[in-house]
Amino acid sequence: MKETTYLDAIHDALDEEMAHNKDVFLMGEDIGYYGGAFRVTEGLYEKYGRWRVIDTPLSESGFTGAAIGAALMGMRPVIEMQFADFISCAFDQIVTVAAKNNYRWGGKTPIVVRAPFGGNIHGGSYHSQCPEGWFLNVPGLKIVAPSNPYDAKGLLKASIRDDDPVLYFEHKFLYRRIKGDVPEEDYTVPIGKSMVVREGTDITVITYSAMVHVAIEAAGILEGEGISAEIVDLRTLLPLDKEGIYSSVKKTSKVIILYETPRTGGIGGEIAALISEDIFDYLDAPVVRIGAKDTPVPYSPPMEEFYLPKAEDVVTAARRLVAY
Amino acid sequence: MSTKVIMPQMGESVAEGTILKWLVKEGEKVSKDQSLVEISTDKIDTEIPSPVSGILKKILHTVDETVPVGSVIAEISEEEAGEITEERAGEVKTPVTEPPLKAQVSEKTVQEEGEQRYSPLVRKLAREYGIDLKKVKGTGIGGRITKQDLSAYAVPEVKRVPEEESAREEIIPLTPVRRIIAERMVQSIRTAAHVTTTFEVDMTAIAKYREADKDAVQKGQGVHLTYLPFIIMATAKALRDNPLLNSSWSDNGIVIKKYINIGIAVSLGDALIVPVIKNADSMNLIELARESQSLAQKARDKKLRPEDVQNSTFTITNYGISGSLFGTPVIMPPHAGILGIGAINKRPVIINDAIAIRLMAYLSLSFDHRITDGAQADKFLSGIKDILEGWGTKSEKVPVTETGFGGVW
Amino acid sequence: MDIEKEDLLRLYYFLKLTRRFEDRITALYRQGRILGGVWTSNGMEAISVGYACALDKDDVIAPYFRDMGAYLARGITVKRIMAQYMGKKTGVTGGKEGNVHVGDISLGVLGYPSHLADNYPVAVGVALSFKIRGETRVAAACTGDGGTSRGDFHEAMNMASVWKVPVVFVCNNNQYAYSTPLNLQMAIENIAERALAYSIPAETVDGNDVIEVFLAVKRACERARAGNGPSFIECKTMRMHGHSEHDAAKYVPRELLEDWKKKDPVIKMENYLLSNNVASQKDLSEIDAGIMKEISEAEEFAEKSPLPEGEDALQGVYATPV
């Protein structure tokens, strides 16, 4: 075991996968010589050369298409959107080509699109968005979002080895702030499986990525008030781990879904619908969703703080739910 | 035999066409592909070529008539014998949409005006425990009845036992694991209609196969080849052939699982745990041996992760190792069945009217009679028996379906 | 560059097969026996056949929807395509896709979406993989004049040039993108000029002359295999039918169509073969008879093939099921 930051865990996963499979290669802007805008790919260019760590022109759509072509030939490209916000430039290639290739004509397309997402870094509208909601409705894609270094490394390896297009959302706020124990030997975290990160009996908080840490903070506060919160870290957003979600909800009967995208049209709606449709009889209170405000991400600190979900939002909702 | 001529759809949004001019008269001969009629649509004016050779028997719509796409506009009768043309009028099967899930409405949940509303969970618990909600005091917001209120209501009376008797009794506190096992067992017996059927299986073929291979396997793969992986493999195959045994009962229908995850019961001191071999039907003998042993070890070392014990579709329990011959195992909810393996012993049996000594075992299948009947269950169990008894003698060819698309799929 | 007799006959066979096959599909469409839409390459067969035949067996093409000649030249049979048009299980994609939306990785034909020029960056990626792995294979992509207005077209040309990958970009300039003529699409005279902006060697060829297309693409392949990067071949032609078979294309001036009718690529090739003694009239008739038989067998096969089950729609969403 080694204590590793969230960022280093991602770097190590890339390094290890490239070392043991020569078909794995990287493409993105500034990832090669510069080492990446966040330094995630530092050192890889020197180690693997310019044709395995490719500095692309400013062409998200173009190099996503190129990744698809290389993947169809059996390679395993891992491409990077410098900020997840720029994934909208590649939206067409992702949903039109990558997502549907296997279904329509048996064209396996094993690409991984890494996208640093999330706010709280004074980034404003185009450096802080969480775009996963735009892709949830596209069958053929897989979407993952780790919350800690162990999952970050394991899920990235699993995504690279997976034969389907995977959108891998890494949270930029967690890069250097979160450290954790990571095994030195090879391991993967399965796609499609959630994880209970904190056991509890009174309410369930279903969440992912940076919001897991917000939930943990809230759970600590609630513990002091005698409220026991169970936290389920989804880890994979598409396809959802219904079993994992349901088994926790059946236990507590009260649910909060916590996510960082704007509330409307986010994953909370889908999960809430699944719960009420499939396990209605286990609910002892309405299903509550806490998302970011329905606005673009504002810049000025008091406004961004207002925009993002916080621990006190979770605590307030939990108190009401428990008393309901 | 007559062939219908239909108004074609020339363009996705086109819904109708108009007859401009018939180029052939009724009763006249036509040959295949000869232009029959001129039509006009929103998008294009064109001619329709005749689909077959024959005589234009009947014209059903005349000049200037506008008809919907798909309508029959003429009939051609074929004069040549031997050319059987089937009616090609577009057979569009309208998909049958399933009615949406019926919300469970029981009489008890009909609310009259002014009455208190109860949450789904509270109604369910009240039904299950026979509690009259009007008698319960609610402590939730606005006097709402909560789950906790019901638990408080249903606490049973504690009977005080006279002193002399209580001195001769010892109470072992219930661990959470024991509570869960107890709850599950009772739930299973109460919900599933348990029936057990038993077959006698000759394990001699397996024993031979195992004897021949087990040292090589231990040395080469580091895996101890016991009888269990053979049985798991046979069970997985039999579950594939009998999907009803790989299902669960639900009020909306029998849920047949398309994946086969076999749980293997492991006894740990006072607890019973069932680690799961996922996708057992895709593993070979060695992989099954390795996986089952690794899971059992993890169970003993208390290193099982939640995913290791979740999502099974069928269970195997091997009580034979503690000497039991027969069993009537309890189904692990919500499965359709559980296979019990009895002790594998040498016994005298009759083969071809002579007495022979063979290695025999009784395999007992407890199945949920709500989901399947005896004949089906026996078919499943006899399938397992056949596979085990015929080990190493049959080879199975996997049928390949011709689909017409090459390469990757 | 010389051209072998067997290549000439091969080019002719696929020209004639494409023409006859698309004519039959059109007839069936007008009889209501084919579902959905029909887009043919009538008058433009020389481009698809020319470029596909110029490639080697293990090269890869990323075609678009007006490339029937290319699908056929790479080995997708008329049987499978006819079955696909009828929505049958035995069609190229088992019912998942319809009409011209084919794809068969084993024959090096990539499936493509309806979004034009999305295939251009994909072809660049294919060529990139050849370069990284040190293979002498070539990737080719084709789109129409319409597709060259899209961002992906330009991003692909730029990347191909910067990375110097072995890709041949073909453009079917048939002068109309649905109802939009060239002068409403671009301010330039020749689409080949676009390639120069990306420092890509380009040629403008007669798209109705299958030999010219074939030789130009062969030259481009040689350049690519030698490590000299991408090329762009603009093939000038005329779209003889509407955008699709339900489009009367009244916006096209009749004189333009009459002019181009005289340059029919199939007839052009027939004349070439006859006047250069490569084939006799009897040979050509035999080839045609063989083709008609192939097509009628394909029709019978497709008619007799089963439709897929409704539930088959659930298969294949993921390559690795979760």
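Brief remarks on what is shown
In this document, chain identifiers A, B and C correspond to the written order of the chains, with residue numbering beginning at 1 in each.
The rule is simple: contacts are C-beta pairs under 8 Å (C-beta built on N, C-alpha and C of every residue); 3 or more make two chains touch, one makes a residue touch a chain.
None of these values were measured; they are calculated from a predicted model.
Pairwise, the chains sharing the most contacting C-beta pairs are A-C.
Relative to chain A, the most remote chain by averaged C-alpha coordinates is C.
With each centre defined as the average position of its C-alpha atoms, the distance from chain A to chain C rounds to 40 Å. Between chain B and chain C the centroid-to-centroid distance comes to 45 Å (mean Cα coordinates, whole Å). For the pair chain A and chain B, the distance between mean C-alpha positions equals 32 Å. Annotation for chain A: residues 105-108 touch two or more other chains.
For chain C, the set of residues touching two or more other chains reads 92-93, 104-105, 316. Looking at chain B, one finds that residues 405, 407-409 touch two or more other chains.
If you check the complex, the residues on chain C that touch chain B are 27, 29-33, 36-37, 79-80, 83, 89-94, 104-107, 242, 244-248, 310, 316. Of all the residues in chain B, the ones that touch chain C in their complex are 5-12, 14, 33, 41, 43-49, 51, 69-70, 88, 90, 93, 95, 402-409. Touching chain C in their complex are the following residues of chain A: 25, 51-52, 54, 56-57, 59, 61-75, 77, 92-93, 96-97, 100-110, 139-140, 142, 162-164, 191-192, 236, 239. Residues 105-108, 190, 193, 195-196, 243, 247, 253, 277, 280-285, 323-324 of chain A touch chain B in their complex. Residue ranges on chain C touching chain A, taken from their complex, read 60, 62, 92-93, 96-97, 101-105, 110-111, 113, 115, 118, 120-133, 139, 151-152, 155-156, 158-159, 162-163, 316-320, 322.
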